[in-house]
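You will see subunit A twice below: alongside subunit B first, and alongside subunit C after that.
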Partner chain A sequence: MWRRLSKRFYCKIATKATEKAPKLDFKQLTHPTKVPQTPVDTAFPDTNSASHIEIDTKTIQLLERLSLVDLDSERALATLKSSIQFADKIAHIDTDHVRPLYTVLEQQQLQLRNDQVTEGDCRRQVLRNARVTDEDYYVSPPGNIPLEQ
Partner chain B sequence: MRRHLQWSIKQLTANYAEGQCSPRRVTEQALEDALKLKTLNAFIRLTPEQALQQAQESEGRYQNKKPFGSLDGVTIAVKDNFCTQDVHTTCASRMLQDFVPPYDATVCSRLKQSGAVLLGKTNMDQFAMGAGTVDSLYGPTKNIWSEDLDQDHWRIAGGSSGGSASAVAAGLCYAAIGSDTGGSTRNPASYCGVVGLKPTYGLVSRHGLIPLVNSMDVPGIFARSVSDCLEVLNAVAGPDRLDSTTIRQPYTKLHLPEVDKIDLSSVRIGIPKEYHCQGLSSEVLETWSKVADLLECAGASVRQVSLPNTAASIFVYSILNQCEVASNMARYDGIEYGHRASDERSTEQLYALSRAEGFNEVVKTRILTGNFLLLRRNYDHYFEKALRVRRLIAEDFAKVFQSSPSDDRVDILLTPTTLTEAPLYKDFASLTNRDQCAVQDFCTQPANMAGIPAVSIPIRLSRTGLPLSLQLMSNSLNEQLLLSVASWIEAQVGFDSLEHKQECRSKA
Partner chain C sequence: MYYSIIRRLGTQPKLATIPKRKWKSVLGLEVHAQIASVSKLFSGSGTSFGAPLNSSVAYFDASIPGTLPVLNRKCVESGIKTALALGCRVNEVSMFDRKHYFYADLPNGYQITQQRAALANDGIMSFPVITPGKKVYYKSVKLLQLQLEQDSGKSLHDEQLKRSLVDLNRAGLPLMELVFAPDLETGEEAASLVKELMLILRRLQTCSCKMEEGALRVDANISIHQEGEPLGVRTEVKNIGSVRSISQAITYEINRQLETVANGGLITNETRSWDAENRRTVAMRDKEVLQDYRFMPEPNLPPLHVNLKPGSKSTEDLLSVAALSEEIPELPEDTRQRLMEQYNLNADTSIILVNEPVLLDHFLSISRSLSQLPNKVIYNFLINDLLTYCNKLNLDVEDCSIKADDLRDILSCLHSEQINIQAARQLIELQQQNPAAKVSELIEINNLQQICNPEAIEELCRQAIANQAKAAQQYQKGKAKALFAIVGEVAKLSKQKANMKMVVECLENQLKSAKK
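Here is the complex of A and B:
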């Protein structure tokens, strides 16, 4: 029953679909094209060879401490270096008198709410995602011990 | 046979209302099809119980002639970085593998309020860091347009919202939710031959979207037509008191004019010349030129414009992304939620090991690089500098959209979305994550810099039978015109999102 009815409806739509425009010839243009037909060159400094980046052991340890992630392989270090070279590409752009753009909504009045508690009473739900709990508390190992490096 | 797959959302809900087909049946078939097409790996998790429950309730509402809204009974999938109450939300990472949010993202709660049936959570690059959906804990997602879905001859779906794009392209759902930080909705939409919309920043709430780059993240929408995309936008857009970065002015639902009533004679189209960059394929170029010509033939004014800071955008994007990632990822320590390692020597040790085990290499390197760029001695040179160049990029757009005299203005920018058709997995996987993103996001991430709306629409098939798409961008909150022009183009090119060989109806 369902199938028969849906078929009927499908036909109605199928007829509509055949009214579609004839197949377009993508090689044929009516107007002189406004789309550039060759790549527009961009001049960015070659930062790959220009500066060989050295990152000292102290900096690496600092980064590991801040990130709480190990920079554990040669490959990871190479990726870090090449990412820095990638970031260096914009160093030459003139940004004097240009203010940083922190948010694209800088022209808008954003909503501030009153500093009042509007929800809560969901301790069980919140705690259920913690692997280790004790009664109503999260549990962590001893603090104030620096990371072994 | 799945005739109803050909319907638009409007046709589907009209048929529900007339009792011609039922939300429950459509949902059951969608779940069956999703299992049959498991090889695509579009879903991380299906939620059949909840979906069937929602479908049952929807059916009851139609029987009582009281449907909730324009999405009642419509099957929709959600990317796995949107929180869903009592349903795992993993970001495709080991870190959040067991995370079950106690609340719904605003996008999800609004979909539910409109009666949508949520089928499950879709695959993505870990924490949305990627352009291919190849870096997922659950394995890569395949593109349904691939010549061959087996062995190593399959195409990537694009990313990071590849699962959502793949699910819509396969006809597993009518629409899907993704997220878009640098092109993560438009890129997979382009490769998978579906419509992908990145709304204006702040138009759709980010509450419950696990943050990647707060200043650029927006929820994105996938559908097989522009009008379906709009139905979903109408359901989810508008201010949200749970996200202070939503635009406060009330959202008025958009309506598309009939295609033959769209008057292009007053529409000014800009072709930003810098978007023809190295690596653009000749077929994409041909497609771009042809659609510009079609618009001109229909009376639109089409002219070349310049956005001189375009090429800098990908570098700025990379810097800001890594800096915000370094800050955002600091929340994952294994104590309150997320993966907890078994190292009880000290708190710091536990944090470090949990993060070492919970994050993949891409995430870790972005955190380390971000923290390097944010070091006190580097902060001005990289982070602040990038924010200043970001303003230049945003001003490029402002100039072409708002310049005076108004004769110099354009309303819409037409560009490629991706530079090529979907690459083969084996070719794509041989590049580093950064090169994958730097190439594939070239045309998409500038819109995120400026917060403007952009949509990718499929135009035609390449010689190898893969979708080729174009992108339209417009000024902030100009979704009405953006989608009207998109639907006009859609009608001219007549692309059928379900035309691929691997359709579920022909699959055993």
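Here is the complex of A and C:
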């Protein structure tokens, strides 16, 4: 039934396509575009021109270690500062009594897998990604070990 | 107060001089239990211990781009069952988070765990505390949180070549992390908590609890403070490899902190490792500042929902807590109560039996098949003779090869007076050495039958009286205790095989008639 309908529908469109398609009247749509057409007052404080951001060396060292990004150069530091300035806006939004949305899939049930072995046994393939290996081990610089050893 | 005066005077206070009573130790445990499953938490690779290096590694475990986590249903079920057994509130919605840190055996650079909303919270656990030489008492500890998370890989540190060797077989194994409130005070309490937890997890079959395989790992947070003052700075002790070393490590660390403070030092927030060989804790090279794990919601896993409706059934993707609660078996504490009610055991005996699952199995099976035997005889034999024998050999009762059937045969021979208790003890040893032999054969071969022939007993008694003439005289003069010496002589003469009940009767008769 549906197939027949759609076939007929398709034919209709196909015959129409030979004629000139009428232009879509955007003004008739409730939401013609997701981009606001006029500026929206965000009530964000303008942080771009706000006070200069200072970061002490200790924080920079911590950030370097956490991110493994070198912040020694002028440019890297400037990027970091402008990033903080840009993100700072968010701190001024009033989110009291608003439940945070972590994912749009919140109402969906998480898919569960049966407890069966279906993968693995691909040592050669996974070890190919490592630069240094030894007797089927990955080799890395020394890690967290007792001080007195 | 007293102590600070000493310090101001510039003397060196020794540990013994500090009023130790005033100091209180506070400790909390975090237990990581590997969930007994065939495949990993988020991938389909295997979990068997001792698999060839890097063989149980799926692309996801090695963090190959494009791979996604799919949650193992069995792990959620086990987590919920454990939570219910520990009296937790299971959360209708729980979420997964990424906990970031850089480490060679963590290929993703983050661990998937549950931080904002765990699987379950607010449980409670009661357990008997067994301190050698002290009375057993019960303690209750709050379980703050039970969460699901992945394990990391395993690093082997090669000291000489200054490198680490990484095996990812363990990466992604399913863990339940149980966070207990700092309600404990001593190492023995901590060890008893872990012992009870192991009994519960084994009953539920949600964890093998083999500490030697790393299937159950205990981290202890320890601090000391003076009564009435806020809690002190805590240290974390990791790498505790056995139940026995839990109390050793914690007691050591408490004393180390007391000593450090006594010597005017300060306790720093650090991670220490238990060195079982030298029986001490060692500082680990670690973060100088509080580590920032930069928790964030795991974008690849929507929240986990469970069905909390009573009477509901599990469906493909929605587990029912009510249905799972029906699968929970009798828990250790229920067994203790049942033993006390049904078998008339006292509290201490039921604790010993339940804490050694093998003894409990033996007790129940022997009691069932030899119902004419008083329960007291059975548990006394199991605890006083079998357990003592195993302890003497430093053998775990679980590794003892004597079967319940053999023990039943020994006990039935003992009950029918075929053998005496000395022979029964000897039989335990013989049975352990010859696991395949039958009890009756062992009695035959080693000539362990009890001497019950009245004539033989009389002859033995006559000899004993002759050998212990002095004692015999004393007894006849009314010194009842002197009889023990003669009884002992009979035992010696008969190589511990005479029926002592008959011997005592016979001796009394002979001595009385001699007096007349």
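Quick note on the criterion: the second predicted complex is superposed on the first by the 95 of 149 C-alpha atoms of A that agree within 3 Å, B and C clash if a C-alpha of one lies under 4 Å from a C-alpha of the other, contacts with A are read in each partner's own complex, and residues count from 1 in each chain.
Keep this in mind: a contact is a pair of C-beta atoms (placed from the backbone, for glycine too) under 8 Å apart; a residue touches a chain by one contact, two chains touch by 3 or more.
The model shown is predicted, which means the values in this text are computed figures rather than measured ones.
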Q: Return the chain, subunit B or subunit C, that is in touch with more residues of subunit A.
A: B
Q) Is A:Asp70 contacted by the first partner subunit B, the second partner subunit C, both or neither? A) first
Q: Considering only the touch criterion stated at the top, classify A:Pro141 as touching first (subunit B), second (subunit C), both, or neither.
A: both
Q | Which of subunit B and subunit C A:Gln109 touches, first, second, both or neither | A | both
Q) A:Lys27 contacts which: subunit B (first), subunit C (second), both, neither? A) first
Q.
For A:Asn129 in the superposed arrangement: first (subunit B), second (subunit C), both or neither?
A. both
Q | Those residues of subunit A which subunit B touches in one complex and subunit C touches in the other | A | 62, 66, 68, 102-103, 105, 108-113, 122, 125-126, 129, 138-143, 145-148
**Q.** In the complex, subunit B residues that touch subunit A
**A.** 1, 3-4, 6-7, 11, 15, 20-22, 25, 98-100, 102, 201-202, 215, 239, 241, 244-248, 271, 273-274, 276-278, 280, 285-290, 292-294, 296-297, 302-304, 309-312, 315-316, 318-319, 322, 326, 333-338, 340, 343-352, 355-356, 359, 361, 364-365, 367-369, 371-373, 375, 381-382, 384-392, 394, 432, 434, 438, 449-451, 460, 476, 491-494
**Q.** For the subunit A and subunit C complex, residues of the former touching the latter
**A.** 62, 66, 68, 102-103, 105-106, 108-123, 125-127, 129, 134-149
Q | Residues of subunit C touching subunit A in the complex | A | 37-39, 43-46, 52-60, 62, 64, 70-76, 95, 100, 102-105, 155-159, 162-168, 273, 275, 282-286, 289, 292, 294, 297, 299, 301-305, 316-319
Q: Show which residues of subunit A lie in contact with subunit B when the two form their complex.
A: 2-3, 5-7, 9-10, 13-14, 20-21, 24, 26-31, 33-40, 42, 44, 55, 59, 62-64, 66-72, 76, 79-80, 82-84, 86-87, 89-91, 93, 95, 98-105, 108-113, 122, 125-126, 128-132, 138-143, 145-148
